[in-house]
Amino acid sequence: MGGILFITALLLLVLGAPIVVALGLASWLFIAFNDIQSVVIIQKLFAGIDSAALLAVPFFILAGDLMNRGGIAKRIVNMVSGFVGNIHGGMGIVAVIACMFFAAISGSGIATAAAIGSVTLVGMKKAGYDPAFSATVVAAASPIGIIIPPSIAYIIYAVLAKVSVADMYKVGIPAGVIMGIALILPTYLIAKKRDYMSKAAEIAAVDAAALEDSGLEAQALKPKGFKAFIDSAWALGTPIIIVGGVFAGIFTPTESAVVAVVYSIIIGIFVYKEMSFKDLPSIFLGSAISTAGIMIIMAAAALFAWVMVYVKIPQTILNSVLGLTQSKVLILLLLNGIVLIAGMFMESGSIQYILVPIALPIAKALGIDPVHFGIILATNLAIGMLTPPFGITLFTSARVFDTSIQAVSLQTLPYLIALIAALMLITFMPQTVMWIV
Amino acid sequence: GSNNDSAASTSTAQATTETSTSGEPVVLKLGHIANPDTAYDNFAHEFKRLIEEGSNGKYEIDIYPSGQLGVDRELMESLQIGNVDLTVITASDINQFVPDMAVQDLPYLFRDWDHVEKFLDSDVAQEFFGLTDEVNMTTLGFMPRGFRHVTSNVEPIYAPEQLKNLKIRVAESEIYIETFKALGANAQAMAWSEVFTALQQGTIDAHENTIVTTRDYKINEVQKYVSETGHFFAFAALQMNSNLLNGMSEEDQALFRESGLEAAKKLGEEQKNDEASAKAELIDLGMSFNEVDDKTAFEALVSPVYDEFFETHDKKYFDAIKNIQ
Amino acid sequence: MVFINKLSHWLNKISGYFLVFCFGLMTITYFGQVLLRYVFQTGLHWTEELTRYTNIAMVMVGSAMLAGQHKHINVSALEMMLPESLRKYLYIFQQLLSLIFFGVVVKISLDMVALAGTQVSTNMRVPMAYVYSIFTVAFAISVFQVIVYILNLLVKREVQ
């Protein structure tokens, strides 16, 4: 019965129906044939968007667009280029590290993708990267948002598994660092293989020529000394205000997104003077449409997940698969596999609510520390945000970088391998993360 | 109001009871918002046990915990239309459907546990529960969860002056927020999912909840003091789709109604005991508890909340509850 | 056809203004919440709820605009494989699928509005029937814009 649901959805996806329509139509057909009251469709579309934590998504998308138009992103990129311009894949590595730092204030993978994606967009373009590659780097690194604390995923797990949130937060730090390092490696190797360095040089040469043609002197655009420092300090103020404000307890991680919006408007209009109030409506419109494109999919995914849970598809699969073996290694591998697949269709919170009550007793019986099990699970959930066909950071990143999901999907393979290697390390060598608790 | 004619006409759930003659059990879906092994879940399981044993296996109750089928409003709507047959929900959430039930949110409504228990055994309670029938939800029972207290990181609270400008997260309810504003606090409405992080980072200094929830949600990791202000009393409600219930035989209806009350009473006793053990556990974990001997100062300050409430709501249930001795 | 296209264009413009209004309002209410708490030591119980509901309206109307332009995120591998001459028919087919879904949910959203009855929201105490009717309006716009898109493809020979 559940098979029909998946086959319909996949068929519609392959035919190129919008993802919202593929998930929506498959769910509707299933609901109609199973005598379920169809108003649940509206309820779930509503609930899929109606979340306080998700408000970070529209505001970080808007903040990113404002930073690009108002000159903040450009200055951050220029400054960073000075340090990493001579490293293969330097700008991509910076994007990974930026995701790790951003993760320290945000508990959401897609907020991380929206925020870091729109800020690093210009930099990676200048570095000569193919947009699908840039999008892949961000799609792969932004799930670290749920690994490095704070993270709602850990709070949900700690309550379900009756472990300490603080312990989960602690093991999240080394786990996030391991994932970050795992992602830097393929970024460096791919950039080296594709020789993005010389492409960047070409782009820089073209830019310089264009500047000369326009009669502007490059010098005039590049203030020097103290003035240059002050000029870029306003741009650097963005991350400082966001991170500082959250740690000082002035606003919540979610609210930090709207603070970034207001700050970007003020700096762009009054300090850099690169935009005016008249530009705001078009920027707001563009960001609103990007937000709609991403969040309507989350709405449809909430519906699809409800249907699966209502007819107990995930519960049934879990119970049958976990009963197959008594081997600790096999069970951990099976669990990893199940979560990765579930992550293709379901949001991470829903997966935990179903999986933890079924899987945790088994893990405990096998002698796995619940905190260790929690971090294995979180790492899996993070990877699930990237795995095609349904990966929420994959979609967000593709939308932000204005590229197609199949182009990004095709490039995820080396990153998936790297992340799965990190997962295996965390799973089978617990001391890599557990030393901290 | 006469809302939910549509709910009544679209519900197909009652059809299920007729299939029971075939020997296959009638499977009813019960959805609730809490995690396995919590008060809400135990309430659901006790009810399940009573129904399955009492009906000799004619009915089977399938429990979906953790908001798997939806939370709060959404879950209640699902109950109205029959996608879910039974729910255990936070009783205050019913207020959005039945405004007169909001009387339960009023501050210092109940004197003590004994008062609460007498209320639940009274005819007043039965009449009060009946309010939900008009929205196609039958309230089978209220499980008392306990008094809500203030937790904070600043200092133990003995007097309302100490709440002045305290950044406190208050559960979503107009009365709750107005109460804390009347007490002088900087009352914040914040989604529950944000609360832990906000307490940790100091975006808010305080929150208010039952002792059991304070333990279950690890609030001790980010808060130091529990001041037993006992400003509100919290209930969880067991509800059933009215059409489904009314379509059953008299005997089955009686079984469902009696089992609901019995489970609520039994779990209520457990809550009272669990409150004491949760308190002991939290003290072990380093939290500091203080009693508030003189609550009259608090009660005096919240009287505007009552005045405003009775401008738009019937005073009948309030008087009836207060008069229970 | 000219009239329909004009209507579609006009509706698109209105939708655009609506999105800008929504985002502006969200920025003000949500930022206001921070200011109120930190600067003015107080809070309003409805700011977060208003921001959430406005976001829902923005997402739904934005989604309708995307639908009308055939710009929802999808897997476009199949169209890449098709010769250009056939792509138009694939686009029409994809938009027909969208039309079915959006059409069905217009109907269902009306049931939802009816179900909401006299229910009010938790904090602002606005009737939920109003809130749910966002879906009716947005999906109705989607249906209209998708039909206009299909008609234009059928009338014109080339794919834009």
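The letters A, B and C name the chains in turn, as written, and every chain counts its residues from 1.
Criterion: contacts are C-beta pairs under 8 Å (C-beta built on N, C-alpha and C of every residue); 3 or more make two chains touch, one makes a residue touch a chain.
Keep in mind it's a predicted model, so treat the numbers as computed, not measured.
Taken chain by chain, the contacts link every pair, so each chain touches all the others.
Of all chain pairs in this entry, the one linked by the most C-beta contacts is A-C. Taking the mean of each chain's C-alpha atoms as its centre, the chain lying closest to the overall protein C-alpha centroid is A. Subunit A and subunit B have CA centres that are 36 Å apart. Taking the mean of the C-alpha atoms as each chain's centre, subunit A and subunit C sit 24 Å apart. For subunit A, residues that reach two or more other chains under the stated contact definition are 39, 43, 46, 51-52, 250-251, 255.
Each of the following residues of subunit B touches two or more other chains: 10, 77, 81, 190-191. Multi-chain contact residues of subunit C, defined as those touching 2 or more other chains: 48, 111, 115.
Every residue of subunit A that touches subunit C in the complex is listed here, in rising order: 12-22, 24-25, 28, 38-39, 41-43, 45-46, 49-52, 54-55, 58-59, 62, 250-251, 255, 258-259, 261-262, 281, 284-285, 287-289, 291-297, 299, 389, 395, 398-399, 404-406. Looking at the complex, you find that subunit B touches subunit C at residues 1, 3-4, 6-7, 10, 73, 77, 80-81, 96-97, 99, 135, 165, 167, 172-174, 177, 181, 186-191. Interface residues of subunit B, counted against subunit A in their complex, comprise 10-12, 35-36, 64-71, 74, 77-78, 81-83, 190-191, 193-194, 196-198, 200-203, 216-218, 221. On the side of subunit A, the complex with subunit B involves touching residues 35-37, 39-40, 43-44, 46-47, 51-53, 107, 150, 152, 155, 158-160, 164-166, 246-255, 306, 309-310, 350, 353-354, 357. Residues 16, 19-20, 22-24, 26-27, 30-31, 33-34, 38, 48, 51-53, 55-56, 58-63, 65-67, 71-80, 90, 93-94, 97-98, 100-102, 104-105, 108-109, 111-112, 115, 132, 135 of subunit C touch subunit A in their complex.
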